[in-house]
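Every chain is named by a letter (A, B, C and D) in the order it is written, and numbering of its residues begins at 1.
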Amino acid sequence: MVVYVLCLMFFLVGIYCILRKRNIIKIIVGVIISEYAVNLFFLLVGYKSSGRSPILCSDRDVQYMAAHMVDPLPQAVVLTSIVIGLATTALLVAIAMRIYGKYRTFDITKIRELKG
Amino acid sequence: MKPGALIIPLFVAIPLAGAFINSVIGKKNKAISDIIGVVITAVLVVLSLLSVYYVNQSGLIPYSVGSWKPPVGIGLVLDGLSSFMLVTVNIVAFLIALYSVNYMERFTAKFRFFTLFLLMVAGMNGVVITGDIFNLFVFLEIASVASYALVAFGTEKHELEAAFKYAVMSTVGSLFILLGIVLLYSYTSTLNMADMAVVISKSGFSNIIIFVTVLFIMGFGLKAALVPFHAWLPDAHPSAPAPISAMLSGVLIKSLGVYTLCRIIYNVIGMNVVISEVLLFLGAVSMVIGVFLAIGQWDFKRLLAYHSISQIGYVILGIGLWTPLGILGGLFHLLNHSLFKSLLFLNSGAVEHATGTRDLKQMGGISEKMPVTSGTGLVASMSIAGIPPFNGFWSKLIIIVAAVQANRYGYAFWAVLASVMTLASFMKVMKYGFYGKLRAGLESVKEAPFYMQLSMVILALLCVSGGILLLPELRAMFLDSAQTALSQGTGMAASILNMVKI
Amino acid sequence: MASKEHGAGMSLIVKTVTRFTVGLIMLYGIYIVTHGHISPGGGFAGGVIIALSFIHLMLAYGKEAALSKAGKKTISLFESAGALMFLTIALLGYTGGYFFLNFFKDKGKPFELLSAGIIPLCNVAICLKVGAGMFAIFVVLILFKLNFEDDKRD
Amino acid sequence: MVELYILLIFMIIGAIVAIEVKDLLSSVVAVGAVGLALSMTFLVLKAPDVAITQLVVEILALIILIRATLKVDLPFSTTGRWFLNTVITIAFIGVLLLISLRCFSELPAFGYPIMRVAGTYLRDGLARTGATNLVASVILDFRAYDTLGEATVLFTAVIGVLALVRRVGRIKPGEKVEGENGQ
């Protein structure tokens, strides 16, 4: 439970950064931090205390090992979500670099063509 | 396996194959990517009509990917609501692909446009047919990532800025959704939506479910641009190229925001009075604030974008009423809105294509020069304003009648008020934009090219004839089956799981 | 100034060390991919490691050296080929009646390289796709940055 | 599980440093530190597959971000309603934390997941798919459809990046662009 709350705090640090910082790179940093936190949360949820990693080895009985493993589903799902996070980050960085090329700044208070 | 189950994965596989092939061979020859884009979306339209037929034949059709039975594997589900959304998405996508053949000549790298477009269609179809909550998230991200790139496709200053804003806010929405999925997984220990619904309905409504619901409403509300979360939409939708504006306003915010929200709230978490009140409130606020903000706009596309917020408010209001008639009205309005709003954006694109401006003050009197564009624009404006006998009238009428029947007179009043304001706003568009005296400097304006005209005319015909969906036979086939899928609520889960076991 | 620096690459020490390590990094990537179904790792991680080996080469020797080994056309061809291969594996499942069916009847002996049906094949497809994709993103972002440094007007 | 707490607190501090430090390059490097700590945390949580992936992704993301931020001016400004907006944001975050305190006690306790569906993967994974790495058997067989989606997201991002860095986006009427695809 304490672990979950700490992890949520980690998430909220990122959200705070996205909502309050006025620099494009900082906003991307905030997005990355929040993604990390959600991925971590997924793995925390699947952890089994004193469990072993879900990879079988040849010298033990399968059923015995299966009873002492952590949950493999969150691991599989987190792999997918890490990749999705990377894809989003790459696209955001590309947009940010284009914006920098046009405006010569990363400060979004100076990038205001649109009214909102 | 039920008949018709085999076509379900094709809704994703065909556009994906098209996108991959397009990115290899489309660079050589422009015509190839046009053909791939149009033919594939046309095939998808046929498949989606076929899916309506199959759903009416055999009811709900589950499919297990890779023969792994849910909840172990990923289950796809085709029911009335899915086939309804598939028809909406694919018809609009087909017409927009047709329109883009001419329109996107103005942009470089057309084959990349069609690749991203097909990926977006694949993402939306994937969201609609899936029965697994994490799979829903993955396809939601495909459609979102493709749409970020498409909004910035022109690579001008304001387009990049709008795309960045949209991408960040939408990513925050995705993160909230993913956090909600994590909590639900921990609570129910499954990712299959039907299985989840069974567990949740057994355990009752606990604090964790409330928290998850709040996260989902925030996340999907960001995707659907409900009012407190709408700030990105008036920038992103006008900045995109016109076909993409039509796609985003027409179907993307619906399949990623509204469909997912009501699917999860009705069929997974289970509707209750509190959620219904929240949805009604959000819907009414979006409806009224969207239209008030729209009235003051002089940029044609920006005005349309604010109207999208307002019309999404109607849909949410109808669905939030939690009565069969309300849900039916909301879904019917969703279909109608995707038709007339994409038509309006295509009109604005045609005008911009011909005159180079989208400022209403600099347009004027172009109806003489562009009869097809302004004629179809008139049809769409009357539809959105709710003038009989166009389709928008019927759906708004149903929503208002449903609100009155549910004793929600206040909300019915706001709906009528927003409708009147919409009418006023579009009177302005017609007066300044299309009719009146021809403005100097626009004498040499030409009508839009053939494919653009064709897709606008087809959409206008659909808008005029939309009302026939309310005829009893058609209604039972199409709208009612979509509505029952939602009204069944969490009861649907048990029947899915039963069918899978056999 | 920046573009000249990239054209020439880094110092001799870096280049020499790179020459020894690039092959090893790539070999490690290939190992991770092909043993993805037996030990930790898999197509994604291995693909990124292979992409990193090319990025390593590019940072040390400048962009021409790396691009001559893997040109832009080759990259995008590999990427699409990987994606199509993965989709084809998925569609081949239809021969057994289901999308994404693991259609090999004989799954092989556990702990051997050729086991687990479609899983190693999928790993290879993902590796192609991811490696090429990651390298493409990197190349494009760097080239773009150089472009706009040359061109102050934009 | 002391190491888990230490790593978590380290990551939170690293994140706060990353968002508050004035220099953009330092900020990006701080994110890199957080990512490496995250990779270690994954190892502590017995997820070697995820740890490897996180490590390589971290390196790649760091390289891309550093390329983007090198030699860039670092302006910082505060908008007009800075105080009010910050108060609202912090209030929102505080409310979310308070709600979560009540909710998380209803989740299964940390270290004791239910594992209803996951038990099937562990018991039958080897027999049914033949892969001894059960995570691989989940991502490429039981849930391979997700992985197709994942690969597609990456493909979309690559195509998107390629589309975004075109030098010329629109063709003005009457203007010829050499090189057809604007690159």
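The rule is simple: a residue touches a chain if its C-beta (ideal position, glycine included) is under 8 Å from a C-beta of that chain, and two chains touch if they have at least 3 such contacts.
Predicted model, so just to flag it, every value in this text is computed and none were measured.
*Asks:* Hey, what chains does subunit A share as contacts with subunit B?
*Replies:* Neighbours common to subunit A and subunit B are C, D.
*Asks:* Which chain pair shares more contacting C-beta pairs: A-D, or A-C?
*Replies:* If we tally the contacting C-beta pairs, A-D comes out ahead.
*Asks:* How big is the gap, in whole Å, between where the Cα atoms of subunit A centre and where those of subunit D centre?
*Replies:* 3
*Asks:* Where the centres are mean C-alpha positions, what is the separation of subunit A from subunit C, in Å?
*Replies:* Taking the mean C-alpha position of each chain, the two centres sit 22 Å apart.
*Asks:* Find the geometric centre of each of subunit B and subunit C from their Cα atoms only, then give the gap between the two centres in Å, rounded to an integer.
*Replies:* Those two chain centres are 36 Å apart.
*Asks:* So, what's the distance in Å between the C-alpha centres of subunit D and subunit C?
*Replies:* Going by mean C-alpha positions, subunit C sits 20 Å from subunit D.
*Asks:* Mind pulling the subunit A residues that touch 2 or more other chains?
*Replies:* 15, 45, 53, 55-56, 58, 73, 77, 79-80, 83-84, 87-88, 90-91, 93-98, 102
*Asks:* Can you pull out the residues of subunit B that are in contact with at least two other chains?
*Replies:* Answer for subunit B, listing residues that touch two or more other chains: 16, 20, 23, 65-66, 134, 138, 141, 145, 148-149, 152, 155, 186, 191.
*Asks:* Could you list which residues of subunit D touch at least two other chains?
*Replies:* Residues 48-49, 53, 57, 60, 64, 68, 100, 104, 107, 113, 115, 117-118, 121, 126, 132-133, 135, 139, 141, 143-150, 152-158, 160-162, 164-165 of subunit D touch two or more partner chains.
*Asks:* Counting only chain pairs that touch, give me the topology of the graph as line, ring, star, complete or other.
*Replies:* Complete.
*Asks:* Can you check the complex and tell me which residues of subunit A touch subunit D?
*Replies:* Of all residues in subunit A, those touching subunit D are 1-10, 12-17, 19-23, 25-26, 28-30, 32-33, 36, 39-40, 43-49, 51-58, 62-63, 65-67, 69-73, 75-80, 82-91, 93-98, 100, 105-107, 109-110.
*Asks:* Quick one: which bits of subunit C touch subunit D in the complex? Just the residue numbers, please.
*Replies:* Per the stated touch rule, the residues are 2, 32, 36-42, 44-45, 48-49, 51-52, 55, 76, 79, 82-83, 86-87, 90, 99-100, 102, 107-108, 110-111, 115-119, 122-123, 126, 129-130, 133-134, 136-138, 140-145, 147, 154.
*Asks:* Where on subunit C is subunit A touching in the complex?
*Replies:* Going by the criterion above, the answer is residues 39-40, 42, 44, 110-111, 130, 137, 140-141, 144-145, 148, 154.
*Asks:* Which residues, counting only subunit A, touch subunit C once they are in their complex?
*Replies:* Result: residues 53, 55-56, 58, 79, 83, 90, 93-94, 97, 101-102 of subunit A touch subunit C.
*Asks:* Which of the residues in subunit B end up touching subunit D in this complex?
*Replies:* Per the stated touch rule, the residues are 16, 19-20, 23, 27, 65-66, 68, 71-74, 105-109, 111-113, 115-116, 119, 122-123, 126, 134-135, 138-139, 141-142, 145-146, 148-149, 152-156, 159, 183, 186-192, 195, 206-208, 210-211, 214, 356.
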